[in-house]
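Two complexes, one shared chain (chain A), two partners (chain B, chain C).
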Partner chain A sequence: MNRDREKMVTFTNGWSIDLDRVPTFTLDAFEWAILDAVDQGKRVVALFGVPTGQPEVTTLYVILAQDQENYLNAARTQIEGDRFPSLTPRCPQVHLFEREIAEQFGLVPGGHPWLKPVRSHRSWTGRDAWDRSPDQPILPGVSDFYRLGGDVHEVAVGPVHAGIIEPGHFRFQCHGEQVFHLEIALGYQHRGVEQAMRGGPHPRSIHYAETLAGDSTVAHATSYCQVIESLSHCQKTARAQTLRGVSLELERLANHVGDLGALANDVGFLPTASFCGRIRGDILNMTALLCGSRFGRGMIRPGGVGFDVDQARVTALLRQLDAAEKDAAVAVDLLWETPSVMSRFEGIGPLPRQVALDLGIVGPAARASGLSRDVRQDQPCGVFRFAHIPVSVYDTGDVFARAYIRWLEILQSMRFIRENLRAIPAGACQVPVGPLTPNGLVVALNEGWRGEVCHVAITDETGRFARYKIVDPSFHNWSALAYALRDQQISDFPLCNKSFNLSYCGHDL
Partner chain B sequence: MMHILMHGLLLLIMPPLLLGVINKVKAWFGGRVGPPLLQPYSDLVKLMRKGMVLSETTTWVFRFGPVITLAAVILAGLVAPMGRFAAPVTFTGDLIFFAYLLGLARFFTTTAALDTGSPFEGMGAAREVAFACLTEPALFIALLVLAKISGSLTLADMLHGPMSGFPAQAAAPLILVAIGLFAVLLAETCRIPVDDPNTHLELTMIHEVMVLDHSGPLFGVILYTAALKLFILGTLLLHVIAPFQTGLAWLDWSLFLVQMLLLAAVVGVVESVMARLQMRHVPYLLVAALLSCGFGFLLLIG
Partner chain C sequence: MFKMIAARLKQGHRTMKYPGGPAPETSDRFRGRPSIAATGCPEGCRACAGACPTGAVSVTDRVRIDLGKCLFCADCASACPAQVITFTQDHRLAVRNRQDLCLEQGQTGVPLAAALEPKLLSLFGRSLKLRQVSAGGCNACEADVNVLNTVGWDLGRFGIQFVASPRHADGLLITGPVTRNMELALEKTYAATPEPKIVIALGACAISGGPYLDHSQANNGATALLPVDLFIPGCPPHPLTILDGLLRLTGRITD
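Showing the complex of A and B:
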C-alpha cells in the first residue's frame, strides 16, 4: 500500500482556523491518516460529511484529538459517487460516524459490518444508502435486529417504558436470564438540529444548542458560544469564563448526585435514593440562583454569560454548597458502607479498558474503565486553562467504578466551584459579538457531565454556518452500554443503563 | 362465634394497613413524610372505580386468574388461626390444604401472566415458579417441624402449641424455623431483598411484571391479594416468634393486632436498610431458608 504521509493541520480546542488550512487528502491517504493517528493513541472526535456544490461529490472531514499533547488535527477528502470504503473493521470507533454519513448523505461505507440507519430519517441529498423508495415510510426501530437463533429468545423493551424516561428500543438476545447480545435502536427523538443550524447563526441557534440534551444545557450552550466567539474573534472576560466554569460544574454536580440516587433506587436502596433526589434539587436551585433557570437556560450567551453575580449571591451559593456537600457525603457514604449495595454494584456490567479504547468511549464511563480522558485536562479551554481539575480514574469498569467516579468528580467539582467563586475576577459579564469570519473552521470541545461535547462549525464565504456538526457524548457511549451487557443478567440491565445514564435526544439530535 | 367474626373481619380489612405501615417506615428511613397510613385503601377504592383494558390476545384465564387467586388466598386465611384463637375452618391435615391453596393461587397468577403472551410476563412467571420451587419446600418443612413438636396435623393445634408452652428442647428448632419462615414471607410477598414492589423497571421485576397487563378492578384485586398473603404468612410467623397469650380475649386480640403491625414495621425496616439482591443470588437466600427449616427438623428428630 502506498502510504501518502501528508500532514494534517494542527490546532487547538476553541480556536478557529481558515478552512484553506485543512489539507485535502486522497481517499487512500485520508484512511491511512486516521488509522495511523488512532495507532498513535489519537482518538476520533468527529467524522462527518459536508455537502459540496455538486450533488455527486461529498467532502468528508475528520477531527482527531491528541490528548497527551493537547492539540487537535483535521483533514478532509472528496468522495465522488455513492460509496467509500468503510474503516470500521480496522478502526471500530468510527462505526457510528460511518452509519451516520450513510444515512445523511446516502453514501455506502463498503464493508461496514453492521450498516443500519442511526436515526431513521431521510437523507439530505436524495440518495439513499439502503435504496428505499421515497414514498416508503422510514420509522425508527423498524428494522432487522441481530439474531443468534436456536434456543436464544428475544426480549424487546421500549420505546414505551414503564417509567417516565426517553424513548429507545432495546433488543436482547437471551438464554434464560443471561444476555448474549443487546442491540439498541434509537432515533425516536430526532429533530434535525444539525440541519436547522445551517445558514445560522440565527437568534434561535442558541436555544437549539441549549435543548440538544436538556440535562447538558450548559455544556452544549458553552460549546456553541465558543464556536461563535472564536469565529468572530471575540475576547470574553475572565469573569464570564469563571461563571461559565461554575455553571458547568454545577450541572455536573446536579446530574452526578442525581445519578447516584437513581443507582441506589434501582437496587431498591431507599435512603440514598430519597436523599440524593433532594440534594439534586438543592443543586439545581443553586443554578437557578445564578440565572433563574434550574437547568441553566439563559446563563451561557455568546460573548459571555447572560447573568452576572453580586457578592450576596456568591455568599448564598457558597453557603448552599457547604450544606449540599455535607448532606451528599452522608447519603453517598451510606452506599459504599452497605454490603448489599456493593454486591449489586461490583463486577456488574464491566467495560474492559481495551474495549473502551477501541470504541472511543468518553466521559466518566471511559474514566471508570481506566482511561484518563477528560476534556478539561486534555483539551482545556475557558477557565479550565487556568484552574485545573484533577482527573478521577478508576480501573474496574463496572457499575461500582462508574458510580465511584461520579462521587470523586462531585468532590472535585465542589472544590473547583468554591475556589473559583471566592476569587471571581472583576469585569463585564458579556461583551458584544461581531460577525463570523467567512471560510473558517472551529472545533469547540467541553467536558459535559456525560463526557465530551463536541461542536464543529464550518462557515461559508458569507460567514454563515455551511455545516454545524454536533457530537454528544451519548453518541460514543451507547455502544459501550451494549457491550457491557454481554454475559450479564437481564435483570441487571436497568442498573447498567443507569450507570451510563446516556441521553436519547443528545444522540438523536 | 364472636371470634370467628373477628377473624373474618380482620382477615378482610386489615391487610392493606400493613402495606401502609411498611410504606410509612420506608418513608421515615428516606427522610420523607410518605403517603398516609390508609393510602392503600384509597388506592384500592380508586382502582375499583376505574375501567379495564383487556388485550385481544388474552382469554378467560387472564380475567379469572386474579379472582381465583383471591378466593384461594382468602380460603387459606380462613384455615390459618390468628393469635390463640381457633380458625373458622379446621380439620386434620389442613396444613396440606393451606399450602396447596397458596400453590393454587400462584398457579393462577402465573397462568394469567402467560396468557398475555408478553415476553415480560413470561419472564416474570418463570422467575416466580423458579423461586417457588425453593419457598414451598421451606414452608412444608417448617410446618413439618411444628407438626412434630405438637404431634398434631391440624394447623390450629400445631400453631397454638401446648397450653404449658413449648418444651425447652423445641426452642432451637423453632428459632431456625422462624428464620426460614421470615425469608419465605419476604419472598412470597415480593418484598426487598427478593423483589422490589416499588420498581418501575420491567426487567428486574418478579411479581409486578406478571401483572403489568392487569388494570382497574382486576389490578385492585391483585394488590389486595398480595396484602392478604402478607397478612396470612404474617399470622403464621407470629405464632412461632411471639406465642404470647394472656387469657383475656380482648387483650389477646389487641396483642395480635400490635404484633402484626410491629411485624409490618420490621419488614419496612428490612426494606429500608438493604438493597435488593442480584437476581441470581435470590436462590441463595431461599436455599438458606430451606436449610434453616431443614436443620430445625433434624434437631427435632435427632
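Showing the complex of A and C:
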C-alpha cells in the first residue's frame, strides 16, 4: 500500500519543480494513490482540473501534504470524456473539490453523493455536468436542498443577511428549535478570479491576490509572491521574510481579537464586544503604520515587501503592541471568568476530531478539535523555518475551544511579533524578480488566520500561468460549520457561524 | 461584576472627538487623494498608465486619474520617473457625481460631496437608516464599515444606523462589483426599500468594478444598475473617508 511514495513526486512548500517531474498515473492508480495517502495520514491540499489542448481531455492534479515529515506530493491523470469515478464516498475530504471540477470542467464524478454546483457559473469547457442548456439561467441557491419532510420544517436565510456581512444562503431543516441539518449554498461572491489569473502574471495579479479575501490580504499575497519568487528563482532577503512574518501575524491578531469580540456580542456580553472591536482597530492601525493600509495592501510584493521599517517605526510598533496586549488581556479574560458567557460557549457546536479529520478541516477550527495542524509548523516557509510558533491545540471542538484557541494564538503571535521586530536582519527589503520558468509547478502554502491558504501555479511553455488554483481555508471549512450545527438550536447559529468566521469571497473566488 | 467595572475603567472613554475635534491620526504612509503636479511629465511618457492595474490612469494631453477605479496602490507613483504623481494624506474623497471622481493634472482636489437636496435632507439629515448589501468584492469594505459601529467611531451618534431589513431602510450602501450572482438579490433589496431612498456606492468595486473591472462574472459596479447618490472611493476606503462622505451627505460637514 505504499505505491504513492515510490511514484508521486515529492517536494516542499514554496519550491518549484519541472512539470515533467509530476508523474501521470492511470485513473485507477491516481485514485488509489489518493486513498492510500489519506489512509497514511496525508491530507488533500488541492484536487483540480487543468484544461488540455483537446476539449475532450482534462488533466486532474492532486496535491497531498505529509504534515509529520513536512513534504508535499503531487500526481496527475488524464480524464477522457465527461466522467470519472467519484472518490468522495471513500474519501469525504475531496467532496467539494469534485463538485468544483464538475462545475468548472463539466466532468461528472460518478457516484458523488451530493453533486451540486459550488459557485453557480457556466463551465469553462462548454460541457455541463448537469446537462443544463446554454440559454437556461444559472442562479445561485436555486436548486434542490436536502429535505427531511414530515413535521420537519425549513428555514431559509440569505443571501442578504441582517448584518454587514457577505452573501450566502443557509437552509436549515428544523423541528422547533432543533436543527437536524444545515445546507449552505454559496457562489454569490463569484467574480472569476481563477480564470482571470490565467495568462498572468500581469499588473492586476497581485491585486487579485490581495482581494481574494480582504481580511486575509497578507496571507494570500504572500502565497502569490512565493509562487512568483519560486518560479523566477528569486532569493528574497531574510529582512523581507521577517517583515512578511510580522505582517502575517498582525493580520492574525487583528482578526482573532475581532472574532473574540464578535463572539462576545453573539452571546450578548457587551463589555468584551465593545473593547475588542476597538482593540482590533488599534491592531489594524499597526498594519497601516507598516504600509499605509489597514489591511496590508501594498505590503507584500514579489521579491520581498513594499515597505521597510526603521528603528523609530519599530519602536512605535512595539509600543502599540504593548498597549494592545494589555487592553486585550483585560477584555478577553472577562470572557473566561463570566459564567453566563462560558455556559453559552461550552458544548455548543461541537466538531468531533474524527469528523474534522475526515472532512480535511484546517486552521483554528481543526486545532480546536484536537488536530495539530498548522502550516507554520508542518510545511514551514519564509521566516517560519527559523522562528517557530508553538501550535495551540484544544480538544473539545466546541465554540469555547474555537474561542480559546484564538486567545492562545493571540498570545503566541504577540510574542512572535515582539521577538522578530527586535531582531530584524539587515538587508534590502525587496529584490528584483525575473521572468517565470516555463513548464513549472509550485505550491505555496501559508497559515492565514483562518487556516491553510493554498496557491498552486502551473506555467506554460512561455512562462505564463496555464492554471492558477487557489484554495482558501474556507473552502475546506464550510462543511465543518454545517456539521457543527447538527442537533443544535437554530438560535445558536450566529454563535456557531462566528466561531468559524469563514470567508464567502475566499470560497467563491 | 467588579471585574467588569474594573475593566470598563481600565479601557476608558474611547469615542473620538471628530468631527467636533481633530480627526484621528492616519499612518504617515496612508495613501489618500493622489496629486498630479501640473508640469514635469517627460515627453511621451506613459509609465503611470502602463503600471495601473485597473486603467484608472490615462495620459492624453495631460494625466488623469479616475478615483472611482483607483485601488490607491500607488503603482503609478512608483512608475513615474519625475514624481509627478504623489499620494497625499487627504482622506476626503466622497463625491455626488461619478464624473467628479476624475482628477485631472494640476487639479488640487475633487468637488467633495454636497449635502442631500433640502427635501431629502429634512428627512434623512438627522436619521439615516441604511441597509448594507455586499455584492461581490473582498469584504474589506464591509469590515471598515463595521469599524464605524465600534465605540471609537460610534456612528450612531450622528443618527446613522445600519438596519437588518431593507423595509426599515432609507437607502442602500453597496459594496462589491455586483456579481451576476448578486444582481437579483440586489434588485429585490432595492425594490423592498421604501421611497424616497438613496444609494451609496462604497469602494472601487461598487463604483467601477475595481480589480474585477470587465469580468464577465460581474458588473462594473452598482452604477450600471441603480442611480447612485454618493460615491466613496478607495480599496477599501479608510473609515475616516467613509465617515466624511456620510457626514457630508447628511449636511454635517460642509467645508
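By our rule, the second predicted complex is superposed on the first by the 503 of 509 C-alpha atoms of A that agree within 3 Å, B and C clash if a C-alpha of one lies under 4 Å from a C-alpha of the other, contacts with A are read in each partner's own complex, and residues count from 1 in each chain.
What we mean here is this: contacts are C-beta pairs under 8 Å (C-beta built on N, C-alpha and C of every residue); 3 or more make two chains touch, one makes a residue touch a chain.
Bear in mind that the values here come from a model prediction, so they are computed numbers and not experimental data.
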Point to revise | chain B versus chain C as contact partner of A:344, first or second or both or neither | key: first
Check your understanding: For A:156, is the partner it touches chain B (first), chain C (second), both, or none of the two (neither)?
Key -> first
Point to revise | Contacts of A:291 with chain B and chain C, given as first, second, both or neither | key: second
Check your understanding: A:491 contacts which: chain B (first), chain C (second), both, neither?
Key -> first
Exercise for review: Determine, under the contact definition given at the top, whether A:215 touches first (chain B), second (chain C), both, or neither.
Suggested key: second
Review point. For chain A, which side has the bigger count of touched residues, chain B or chain C?
Key: C
Practice item. Using the superposition on chain A described above, determine whether A:177 touches chain B (first), chain C (second), both, or neither. Key: first
**Study point:** First, second, both or neither for A:268, with chain B first and chain C second
**Key:** first
Exercise for review: Report for A:203: first if it touches chain B alone, second if chain C alone, otherwise both or neither.
Suggested key: second
Check your understanding: If you stack the two complexes on chain A, which partner ends up touching A:194: first (chain B), second (chain C), both, or neither?
Key -> neither
Check your understanding: On chain A, what residues does chain B touch that chain C touches as well?
Key -> 162-163, 271, 274-275, 278, 338
Point to revise | Residues of chain B touching chain A in the complex | key: 26, 29-32, 119-120, 123, 126, 192-193, 196, 198-204, 212, 271-281
Revision key, fill the gap. Seen from chain C, its contact residues with chain A in the complex are 3-4, 7-8, 10-11, 14, 26-27, 29-31, 51-54, 71-75, 131-147, 149-152, 162, 164-166, 176-177, 179-182, 184-185, 189, 210-212, 215-218, 235-236, 238
Revision key, fill the gap. Residue positions on chain A within touch of chain B in the complex are 153-157, 161-163, 176-177, 264, 266-271, 273-275, 278, 338, 340-341, 343-344, 348, 489-495
Review point. Along chain A, where are the residues that touch chain C in the complex?
Key: 119-121, 139-140, 159-160, 162-167, 187-193, 196, 203-204, 206-208, 210-215, 217, 271, 274-275, 277-278, 280-281, 284-285, 288-295, 297-298, 307, 327, 330-331, 333-334, 337-338, 503-505
